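Here come two complexes built around subunit A, the first alongside subunit B, the second alongside subunit C.
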Partner chain A sequence: MPVTLTVDGQEVTVPDGSTILDAARKAGIYIPTLCFDTFLKPYGACRMCVVEVERAPKPLSSCNTMAMNGMVVSTKTEPVVHAQQGIMEMTLQHHPLDCPYCDKSGVCDLQHTAYEVGVYRSKLGSDNPNEPDHEFSPLIEWDPNRCIYCGKCVRICDERVGDSALTFNLRGFHSYIGTQFDEPLDCVECGECIEVCPVGALLSRPFMHSGRAWQVNQSESICNHCSVGCQMHVETRMGEVLRTKANPALRDQTPVNTRDRGPGDGMLCTRGRFGYDYIHDDGRVKQPLIRRNGTLEPASWDEALTLVANQIAEAKSQHGPDTIAAITSGRLSDEENYLVSRLMREVVGTNNLDSTERWTFIPTLKTLGPAAFNFSITQMEHMDAFLVVGGDIMESHDVLGMRMRQWVRDQGKALIQVSSLPSRQDSRFAQRVLRVRPGTEEHLVQGLAAELSRQSSNGSAPEELRDYNLETAAADTGIELTDLSETAAQLAQAGSVGIVWALGNWLIGSAGNFAQAAANLALALPEAHLFPLAAKANSRGLVQMGAGADLLPNFRSGDDAQARSALGRLWDVVLPESQGLTLDDLLSGADVSVLYIIGEDLAASARNHQQAQTLLDQAGFVVVQDLFVNSTAAEHADVVLPAVSFAEKTGTYTNLEGRAQRAQAAIPPVGEAKADWQIFTELALQLGARWTYKNSDSVAQEIAAVLADIPTTHSAPRFGWQELPALPSVNGDGKLLLVTQDHLFVPGVTGRYSSNLRRLVEEPVAELHPAQLERLGVSDGEKVGIQANGADVTVTAKANDRLAEDVVYLPVGFPDAPVGALLGAEATVAVSVRAAVPAAEVGSAQPRARNET
Partner chain B sequence: MSFRFDSLLPIAKGLSVTLREFFRRPVTIRYPEQKRPLSAIYRGAVGMRRRPDGRPKCVGCGLCETACPNECITITTESNPAQPTEKVVTSYTLDVGRCLFCSLCVEACPVEALEMTDAFDFSTDDRSTLIYDVDRLMDLVDKQGKEVATLD
Partner chain C sequence: MAKQPGKVESAEATKYAALSRDIEECRQEPGSTLDMLHAVQRHFGYLEPQAVGMVAEALGLTKAQLYGVATFYTMFFFEPKPPVIARVCVNLSCHLRGAQDILHTLEEAAKEQHDAFEVEEVMCLGLCEQAPALLVNEEAVGQVSAEEALAKVQACVTTISG
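Presenting the complex of A and B:
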């Protein structure tokens, strides 16, 4: 029911549930506000938005007074203005007028509002508390003197982030913003509080004092650190990225303005807000490098590209095109993944092109079909219950995790967390936490599927699930049978269930199996949706562009003759029909004469370290195209081609929902580096192709034509009953089980070059149960050595009593702790752990405590 | 045509002026060795004042940079690593070659760090030397009034 009211003589109709402020804004009438934010629930603390309403005894705050039919509101009457000026004077009394060096100046809500209400200085004098700065956090600066007690930071941390790290301490005149009982700040430093602070009380430390608000240029971009695809602004000045922030245009949603706030809902996480400074890291490769006499030496682009082209041409004529292979990355844009596919298939003439998506995304796609990836986050929001399995989405897809916590808390959705590791979702949000034995997630899901299908079909489980039931699941996963049967009952009655899992390292080796188990559970439930979450920013785009050995555009299979001939027609070439070498084929000893590695640190991130070393050693000629001289480049590359980050090139990134979003180039390339699409084009021209791409957008146009010509085969998800393989050997034999997972502060090898994120986690830390540490004779903070598969990794140990006793947790992404070397070909392995270094030699660097409750 | 003596008259007149000026004080000065005193409100190059401890008075607010119609001022700042709330000016440059001596920056400065000095002679054969860093700008203020030679 729309509501019609009169604001300043103007009749406005607004949807039900709107406030007077919404109505006034719809009518284009300005009402000053300070504590109001469209992101947050109305609070009414500052009283700046007072208006007079006819027949109301006194002025009302418009931000939290609902609009009603027939209301007559005046916003500019004398008592209203008088009240607003009085409020502003009292606010300014305690606010230092240090605008000339305050970073907020120019985008300060207090400045704007003071100007609008016409008060520039308090008649009450200045009573500046002159408090010293609090030592708050490595990334967030907290200046208590500038605080105006609007409570936005407290509210956003509670309402939207869900960490509730901030609070009002004390009451009355002595009140101040801080952590509960002045404990050390216990949060993930997402910096949402910085973004909402209307004044300069909360500031980004890395950005601080580096540019005034009106001096910076802003360009729209997409966060590159995970696949949620949060929209953000990159602020630059004089060719340097100063900071990234959530796109401010998204921060406006009211009943009268219900615009789409994008996949990130206008938020950013720690990675997105602080993990940008690798762009200007000193380690960036600024010009091509060629290995001469064993060392990488600077060279010109002409020299390097000619060398690469000659090597490729020579290998092609001598050994055939199928000895040339490329490995691409989900961090490249759609255009670049399309071009590398075209380069390999058209110009080189081979299907040998793959990426690490081979281990998680592609098996899931093959099991579930493309339709399973056609979901939206909005659809997710409408689920009644969530079953989150495996890797912690609060670490790998933090913004989505924050949004899920909002849905759980505000809309009363059920959340069941199945993992072998603790998560920030566990307490206060998850209704049920099932701490499974590592590597047995699919057994739990399969057991639930068998039980639920048995219930729904009156006792007769499908043939393939005959061997599974809750008892086997309880035995395999180590969970109490009662917990499992309660979970099954809860899922059966929950309504629509969203089965959410992140396609991370925990799935390596079992991604297809897990997808099948999840599909079985979805089939057994009355209403369920699958939400497999892609890992990298453009994992989905990479697969959709067909940048895989057995893939063609739009998820078509590589042996789809119709799609292949359609693509061949568009490229005016006969495409190779041979079965391309996948990453697994390459690692298990394929004969490669030229290996072209783009945006992937194979030596550090490969799951099978020894095989990767052998591949790189045996490859005749290795070309690495990356931002940094990573371990692959340093040890094995014959040529290093300097590529650029997302901020230096324009490109499209397809997020986990399939939403293609464009990131604009914000700054020119650092040094002589070139965008990947440009390198591919120049290399193709050297190899005799006739490509005419002028920029990334011309590639995008061609992609549009290709995707229109080769449509996705829209089959319904072909869920099938399928028997799971035997339980992987999780028998520890007195050893511990190594569990790995993404770390929020370590977004991949590239993210390790961000000094901001390095401040949060200085070194890799292995977490063990305190009892286990005691057994090893190691105390918290000392080093332990972890051995498996012939590899030995020495890291600092940390006690975590929320882990199972027979588990050791080590995050992925640290080049200095190559988890891949330990893992071999499995996702979970038994490792032996021992004390490493005498206590006296242990470094003093202590990682910050993390909220894992 | 006979010689007419009255034709010498203008020459004699002229020579008399020359002769008279010969014993007068010269109107011109020996620039650049000598300089004429300037008006107290003369607007030469912009200079940077010092704090009592000798550091530049600038707080890095960027208002002069914003006010400058020719964009000849460039300031870069960062926070003091030891005291993060303190803003440190890492560079302050003023391109005198682009300056039009309008004094808007001086008016914009909230801490009166800038002033118009009496420096006006910037002849050079290299434009890059016209980009003054903060030390040269402070020098301009230090030399203020000292280099102007009086004529007596």
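Presenting the complex of A and C:
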């Protein structure tokens, strides 16, 4: 029922549940505010928004007083203005007017409001504590003098982020914004508190004093660190990225805001807000490099591209196009993945194009079909319960994790967390935590599926699940049977269940099996939906563009003759029919004369390190196209082509929901670097193609035509009862199981070049149970050596009593601790851990040392 | 590895175990935050951070939230305190009847005895008719001279440490 009221003589109708402030703003009437934020629940602390309401004895705060039928509201009467001016004077009494030196000047709510209410100093004089700044964390600083105690930071941390790491400490005049026991912040370091601070009290330490609001340019962009696709602004000044911040349009202060706030709901996480400075890292390659006499030396673009083109042409004519292969990346835009596919298929004439999506996204797609990726975050929000399995989404898809916390806490949704590692969700958000033995996640899910299908069909499980039940699941996963049966009972009663899993490293080697088990569980439940979360910013776009050996646009299969001929018609060429080499084929010893690696540090990130080394060693000619001279480039590249970051190019990125979002170039390329689409185009022209792309948008237009011509074939969802292969044997005589997972502060190899994020995690750390450390004779903070598959990684050890005793956790993404080197071809690896040998011997891959478990 | 000899450790362990029994008892009641914080202070003499972490876990709150609550109250401590605390009222009636003398005497004595007890100024204890009044730990003492007050405190120190 809409409500009609009068504000300053103007009749306004607003939806039920609106406040007086909502109504006034709808009527275009300004009411000053300080502690109000559409992003937060009304608080009514600052009293700046007072108005007079007829028949109300005193002025009312409009931000938290509901509008009612027939209300007569006045916003500009003498008592209202008097009250507002008084409040402003009291606020200014404790606020230093150091605006000339403040980062916030020009976009400061206190400045705006003081201007509007017409007060610039306090009759009460100035009484500022003049205290030094507090460093809340390596990235966040608090200036107690500027704080106006509106509590927005405390509230956003609680309401939106869910970390509740900031509070009001002490009371009355002495109260201040602080942390637990005045220690450094214990939170995800997302910096939402900085974003929401109305004055310059909470500050980004990397950004401080680098530009005033009126000196910076803003460009709309999309965060490139994971697949949620949070919309953001890149702030630049004179060709340099100063910082990234949430898109202010999404945090519009107009109430009654029904605007779609995008996949990130207007928020950013640590990676998005602080992980931008790799763009200007000194390690950026600024011009092409060619290896001469064993060293990489600077060269011109002409030289480099001609060399690459000649090598490709020569290999093609001497050994055939199928000896040329490319590896692309989910960090590249849609346009670029489309063009690399066109380059390889049309110009080179081979289907040898793949990426690390081969290990997670593609097997999931092949098992479930494209329909399984047809979901939205809004749909997720409407689930009654979440079963989150495997990698922690607070680490891999942080903003989605924060949103899920809100759904759990504010809407009473149930969260069941299944993981081998502790999560920030465990104690305060998850109703149930199942600590699963690494590598047995799919057996847990399959066991639940068998039990639930048996329950729903009065005892007869489908033929394929005959061998599974909760007992087998308990034995396989190491979880108590009672926990499993309670979980099954809870899921059966839960209403709609969202089965959520991140397509991350934990899935390598078992992605297809897990997807099958998840589909089985979905079939066994009355109402369930699958939410496989893509890993990289454009993992989904890469696959949709057909940038895979056996893929064509719109998730069509590589052997789909109809799609192939349609694409061939559009490109005016006959496309190769031969089976392309997948990344696995390449790693298991294909004969490659030219290997073109784009945006992937194969030597550091491949799961089968030995094979990657062999591939790189044996490839006749290696081209690396990247922002940095990564380990692949340094050791193996014959040519390095300098590419640009997301901030230096325009392009679209398709997020995990399939939403294609455009990121706008914010700065010109650093040095002589070029956008990947431009490099592909120039290379294609050198190889005799007649491409006419002028910019990324012209590629986007072509993609639109291609996608329209080759629609997704939504065959009936390929869900069906399926057996799983036997549990891999992981019992390695006293060895530990290696668990790897994304680390929020380490978004891939590129993220390691961000010095902001490096402040949070200086070095890779292996976490073990304290009892295990004691057995090894290692203290917290000492080094351990971890060995498997002929590789030896030495890292600092840390005790974590929330881990199981038989596992060791090592995060991925650190070039200095190449987890990939430890992982062989299997999904779960048993590793030997021992006290690290003296420094002189570190690095020599000596098997078996003293104290080995 | 770098743990202290067994005895100290087990004394600490006993405290944590006792605390976790108290937490279990308190959590049956809604709104038991302050009760649990009091339990921490009872066992440790102050709000020991790790113990506050246990309370946070039990309540589904963060340590920061509990710190915010605890710092609001003046009778929670964040560092170890002497076993005896004398809280001297300095409000009007007590002031008029010599609260400052008591305060001064106790403070001097505390200093001489190397902080065997602690002296705090507090606002009204609700004992105006007994002015000048003070609390020696949980015992209310009124209508005393500075010397009598000190004797009372000394007696308490002797009882507790003896």
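Just so it is clear, the second predicted complex is superposed on the first by the 828 of 853 C-alpha atoms of A that agree within 3 Å, B and C clash if a C-alpha of one lies under 4 Å from a C-alpha of the other, contacts with A are read in each partner's own complex, and residues count from 1 in each chain.
Note that in this section a residue touches a chain if its C-beta (ideal position, glycine included) is under 8 Å from a C-beta of that chain, and two chains touch if they have at least 3 such contacts.
This is a predicted model, so every value here is computed, not measured.
Asker: Is A:Phe168 touching the first partner subunit B, the second partner subunit C, both, or neither of them?
Answerer: second
Asker: Report for A:Lys123: first if it touches subunit B alone, second if subunit C alone, otherwise both or neither.
Answerer: A:Lys123 contacts neither subunit B nor subunit C.
Asker: First (subunit B), second (subunit C), both or neither: which does A:Glu141 touch?
Answerer: Only subunit B; A:Glu141 stays clear of subunit C.
Asker: Check the residue A:His82 against both partner chains and state whether it touches subunit B (first), subunit C (second), both, or neither.
Answerer: neither
Asker: Could you look at A:Arg834 and tell me whether it touches subunit B, subunit C, both or neither (first, second, both, neither)?
Answerer: In the superposed model, A:Arg834 contacts neither subunit B nor subunit C.
Asker: May I ask you to decide whether A:Arg428 touches subunit B, subunit C, both, or neither, giving the answer as first, second, both or neither?
Answerer: second
Asker: For A:Gly178 in the superposed arrangement: first (subunit B), second (subunit C), both or neither?
Answerer: A:Gly178: touches subunit C, not subunit B.
Asker: Given the complex with subunit A, which residues does subunit B contribute to the contact?
Answerer: Residues 59-63, 65-66, 74, 76-79, 84-85, 87-88, 110-111.
Asker: Touching subunit C in the complex: which residues of subunit A?
Answerer: Checking each residue of subunit A against subunit C gives 158, 163-171, 178-181, 183, 186, 427-428, 774, 778-780.
Asker: In the complex formed with subunit A, which residues of subunit C make contact?
Answerer: 1-2, 49, 52, 57, 60-69, 71-72, 78
Asker: Show me the residue ranges of subunit A that touch subunit B in the complex, using the header's touch definition.
Answerer: For this pair, the touching residues of subunit A are 100-101, 105, 133, 141, 143, 205, 208-212, 214-215, 238.
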